[in-house]
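There are two complexes below, and they share chain A, which is joined by chain B in the first and by chain C in the second.
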Partner chain A sequence: MLAKLFSYKTPQNLLVLMNAMALFLIYFYREDMDRTFIIAGISLIALIYLSNFLLQKISYGDHYLFLIMGMLVSIGVIMIYRIHPEYGLKQILWLGFGILSFFLAYLITKKMKGWERFTNIYVLLSMILFIATLLFGVKVKGATNWIRIAGFNFQPSEIIKILFVFFLASYYVKQNVFKNPYTFWVIVYSYIGFLFIQRDLGGALLFFLVFITIAYIYDKNRKWILYNLAFASLIALFSYFFINHVQVRVITWLDPWQHIDSKGYQITQSLFAIASGGFFGTGVGLGHPEFIPEVHTDFIFSAICEEMGIFGGIAVIMLFMILVYRGFKIALYQQHRFFRIVALGITMMFGFQAFIILGGVMKMIPLTGVTLPFVSYGGSSLISSFVSLGILQVASEELDGEQEEEHGY
Partner chain B sequence: MDIEPKRIIRVLVVFTGLFISLVVYLSYFEVFEAAKIQKNAYNKRQWVNEENILRGMIVDRNGNTLAYSEKTENGQIRYYPYENIYSHIIGYSSKEYGKAGLESSYNQELLAIDAGNPIQEFKDKLSKTEKKGNHLILTIDHDLQVYANQKLKGKKGAIVALNPQTGEIYAMVSKPDFNPSKLKENWTEIIENPDSPLLNRGTMGLYTPGSVFKVITATAALEDEEVSKGFQCKGSVSIEGYTLKDYGETAHGAIDLEEALVKSCNVAFSQMGLELGKTKLKDTAQRYWFNKEISFDLSTKNSIFPESKIVTKPDLGASAIGQGKILVTPLNMAMVAASISNDGRMMKPILVKEVLSPEGRTIKTGRVATLSQVSSEEVIAQLKEMMVQVVEKGTGRNARIKNVKVAGKTGTAENETKKTHAWFIGFAPAEDPKIAIAVVLESIDKTGGESAAPIARDIMIKALEKLQ
Partner chain C sequence: MFDFLSMIFRYFFILIIYIFIFHIIRLIYLDIKNFHDGMEKDIPYLKLVNRKNQLPFPVKEVYSLEGSVTIGRKNENDIVLKDPYISGRHARLILDEGTFFLEDLDSANGSYLNGDRIMDVVRLKNGDRIKIGQVEFLYVSGD
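Presenting the complex of A and B:
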């Protein structure tokens, strides 16, 4: 027992080791680190280690999910701390809340039954949140998708993400919720439309991708999927020609160097960071990721590439790949149809969101600002990701599948 | 198997593909694009690292400080005490405008960025020692450089003076120039100036050589026994309807090769060119390093002997007298003169004599190396004697120095500007050469003998005094 506790083969211990080494490097290379940093570091290590321990006691489902998250979140916190110590401290606080909300989401989702019955409530809640954003929204970084409550900024779209997945899942359990089939499309596109109005292009793209993929797996009207794709392409073309900020994204993707001092500044700074890291990186604390605007949120991956190298970056990509793999595996084994779709939806949210921002900051695809789940700085994003993960944890357990037999294929 | 799991697996495969494509793209980016991108002036990282290292000094061969840096409260300032005099040799190192000259080509040495030694870096970090760059010792003789600068004042053109036996550059001037300490104030003026002051004419300026090229044609003619050595000059010659004239249409009458060179007879040399053919002429020119890259401490351009563009007989005749499509750099022509003085051995030019560590340890030395044997020693000996006669009694009389035997060749090159370039290449003393030189005055509309030769003479006198 004791031997196992200290064995380097246990993933939790590897995580502790990785964290300890990285934190030592930051402490060593940054002169401005003090005692708070040591306390913060120890709390980070303890949080992840203990919550892993706790999860193993209460859930008999997939334990890898939490480990993958632990690794991602550690890399994220280390980078954020290294860039902005005060943000790093806040992120550790958020991480504490996040883990709390993970367990809460896990327990609530597990104890409450009949989630598949609330289709209308999911839609209603989402729309209320959307409208609230429109009315009380604060503009941050060109997108009006923040609400300010009691001194805290939060992003309603992070909650809507989960509601959207639940809505899709509850609809596709039987696909007979609405009498008129068009109602469903209208609702889906109003989600996307709202995001578009808020200028949250990344969000709109993310929602569409999740929707179209779920539809591909579950929708009975196969032709409709093609119609949707055609419709989406039309919209995309239209926006490219008539909506300025969409055009800007494409232009800076094709040739950011021409606009290096204006529109292309951010993406080129990101490319400089990735380029100067090389394969092994400059080492934590030795690069200059702070030259990239918004490095702690959308561009955190560029900072990772600069200081931990392309190999560090590839590791992050691989972690997301394993996360997606575990998520799909959970879906394949889950007997409960609703939670099967929820597992897929949540996994796709993680997967597509990671792909959109990773591909964006390395200029493989046009850049649309979304956060990198678990890694980027930000309370709303972190908590939403943790809640999603908690729900995925429930889905990874064996659930009552009776409803499956009634309406199965 | 149900359709649903099948579709789920298909989607999983797509996802895996997406993530793998990210990995592939990232690796591709790092291997093929990163190096190029990093050098972009907007990448501030290049500068941050530099701020922490005190940039090394640059001194001439006698220890005169030509460039140095001093620490300030926030960073460091680079000083160029001689301003314009070294604008093209040392260049500049500026945050806004990048780097040029030795500041660019020896950037790594000046900042002492070696091939990363992490342990040393770790130690430095612990001991918090201030990082210092290496110093450069140039082959330049500061007094001669200043003097050459004065000689070219107000003119356009270039001067390159070097040690023919080692290839060490003593002076290299290019005009117009600029003040590296006042780049910010003068930048628009500098880049909008149609005479391109940023261009180092010494190494990158391509000029029509005119008659100085005749030493190369003469080399080829001396090597080839079948080429006639006696000519009849009537002041002009018609090659397939195209008339080539001598300067002032002077008829030189019956002359031999030596006299042809002494009087710079176009009629004789164009005839030699026709007899030699373009291949032989090209081979000889290439032994003088035409069409080849000169590996040098500054960036260079290749002198051009465009064999493919020499099609007709008039083309060939014009090439033999250094007109037509032939283009040369002053550095290359100085090397031509040097190689003739040095029994045909063309030496690799050197500008940086030594790289010294801050502690004074030699890190790198400019190695003396032979580039090419331009021709046999006999041919070169004959050619040398002819070039002495050029200065004794020919077009290069203005380069004569009392008690010193000077060898040389003048050139007056017609070019697209309508105003001729004046050339002089030469060396002294002819029996034991200490200095070789090339002077070109751009679009000055005077002959090489009247304008370039006196400048070359003065610089050679100064150099011989200094080198005594």
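Presenting the complex of A and C:
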């Protein structure tokens, strides 16, 4: 029995074991434990296990993606519940919706054909969402990138992420969608510009990195890539000197200790948390991650490092590395050109997003607020990540369509 | 009570996460190994004769034969072909002292070698055509 539980053929058993242990541990965490928590915990375990099982039945593509995601989500839920039990329960609810949207995205993307033809629709939808954000946006935590509908806040930029990848892919399938070659660049920079106006610097950086990497791989006009890099550096320099909130990020990155009581408080608390964890951490529930503002969203990694130690933190980074590796492999093996680029784009969205926030909380790069995919608390972020993963799952299967001739593996 | 448990459990959590990562990396390693070994030249292989895009199910252009393999519709086979005309466990290629033999595993629609339905185990030679369901393969012995 025990040998089977640890068998290499079924990593999902390990996931169940991990969650069951966490459930057991958290049962002792608070004395006033109510029934909802137990039900939520058991349904979380069942949800991850059964959806793994279901996926293996309906998809013959890659099965590792979902497992890696399951581990990341489990770590995330445990940490969020420990920081803020109410958010933890909500996160489990969002996880349920997320898995539902994963399967919906998988089925819709698979059944519908001709995704590469809708370039204009992707752009139009994204622009509508951007303008809606500008008009009806609510300011939450410094960035005006939230829309409130019927009591729920959601971030349109999470949906635009997926639309952006689809737009880039549909453009690079043929590279002759627009008569004027400059139209493409104008559209791309208007995406980044809109994010900049919303003061979502992390988002702007993320979109730019994904765009420049896809252009680097697929653009026929090599010189344009250099022009783009030069243009972007110019804008970065300009915004450093003239835009206040960019300057603040750079200053707190270079020397947060000088501003420890004001601007640098968050980042220094994060560094204290990471440092106090040591190799194995203080143990779940025994640290003080609540000293860091926004610890359940952007700074979840610092909390993991504090309570699960550096080894826990390295494990999270390794999980992301495997996820990105799988994504690249899927992109290399996919013969359908559109889904090849989509797989690449989604993989880079995950990879760069993780890099931006992990680098930010560790003070390796200036801190810009993006969520850690699958781990951070947040409904729209979680659902958008799940939808992306569903599309990646479709791309991991063999699809018939246009064969790629010039870039064979 | 909780403090004590949490102190102990932190080691278990990290252990489980690392075992998990190790298993995934191991599975991925096995996956890659299978693929790259087929790229060497002197290994016998099956080459698809049909046009790939005319078959309504996924099939690879080349299947390398390192040892005995089974062909069928079920996922437990080494070569999985989701063809409705292929049985769950359809046929088997057996490696015996350097030569391959084709054996039909009592499939409903039979296996054909160069147009003839095979009854028993037959020895394969270079250039043989194997037809299973709608799929036709060319056997290339490699040497």
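Note that the second predicted complex is superposed on the first by the 386 of 409 C-alpha atoms of A that agree within 3 Å, B and C clash if a C-alpha of one lies under 4 Å from a C-alpha of the other, contacts with A are read in each partner's own complex, and residues count from 1 in each chain.
Quick note on the criterion: a contact is a pair of C-beta atoms (placed from the backbone, for glycine too) under 8 Å apart; a residue touches a chain by one contact, two chains touch by 3 or more.
Just so we're clear, the structure is a prediction, and the values are computed from it rather than from any experiment.
K.L.:
Is A:263 touching the first partner chain B, the second partner chain C, both, or neither of them?
P.N.:
neither
K.L.:
For A:174, decide between first (touching chain B), second (touching chain C), both and neither.
P.N.:
In the superposition, A:174 contacts neither chain B nor chain C.
K.L.:
Is A:276 contacted by the first partner chain B, the second partner chain C, both or neither?
P.N.:
first
K.L.:
Could you tell me if A:317 is touching chain B, chain C, both of them or neither one (first, second, both, neither)?
P.N.:
A:317: touches chain B, not chain C.
K.L.:
Applying the document's definition of touch, where does A:90 land relative to chain B and chain C: first, second, both, or neither?
P.N.:
In the superposition, A:90 touches no partner, neither chain B nor chain C.
K.L.:
Quick check on the output: what are the common chain A residues between the chain B footprint and the chain C footprint?
P.N.:
Residues common to the chain A contacts of chain C and of chain B are 29, 318, 325, listed in rising order.
K.L.:
Of all residues in chain A, which touch chain C in the complex?
P.N.:
So the residues of chain A touching chain C come out as 6, 8, 11, 14-15, 17-18, 21-22, 25, 28-29, 60, 64, 67-68, 71, 75, 280-286, 307-309, 311-312, 315, 318-319, 322, 325-326, 397-398, 400.
K.L.:
Touching residues of chain C toward chain A in the complex: what are they?
P.N.:
Against chain A, chain C makes touches at 1-3, 5-7, 9-14, 16-21, 23-28, 53, 58, 75, 80, 82.
K.L.:
Which positions of chain B touch chain A when the two form their complex?
P.N.:
2-5, 7-9, 11-12, 15-16, 18-23, 25-27, 29-30, 33-35, 37-38, 40, 42-45, 48, 125
K.L.:
Give the list of chain A residues in touch with chain B in this complex.
P.N.:
Chain A residues touching chain B: 29, 213, 216-218, 257, 260-261, 265, 268-269, 271-272, 274-276, 278-279, 287-288, 291, 305, 310, 313-314, 317-318, 320-321, 324-325, 328, 331-332, 344, 348, 351, 355, 358-359, 362, 364, 409.
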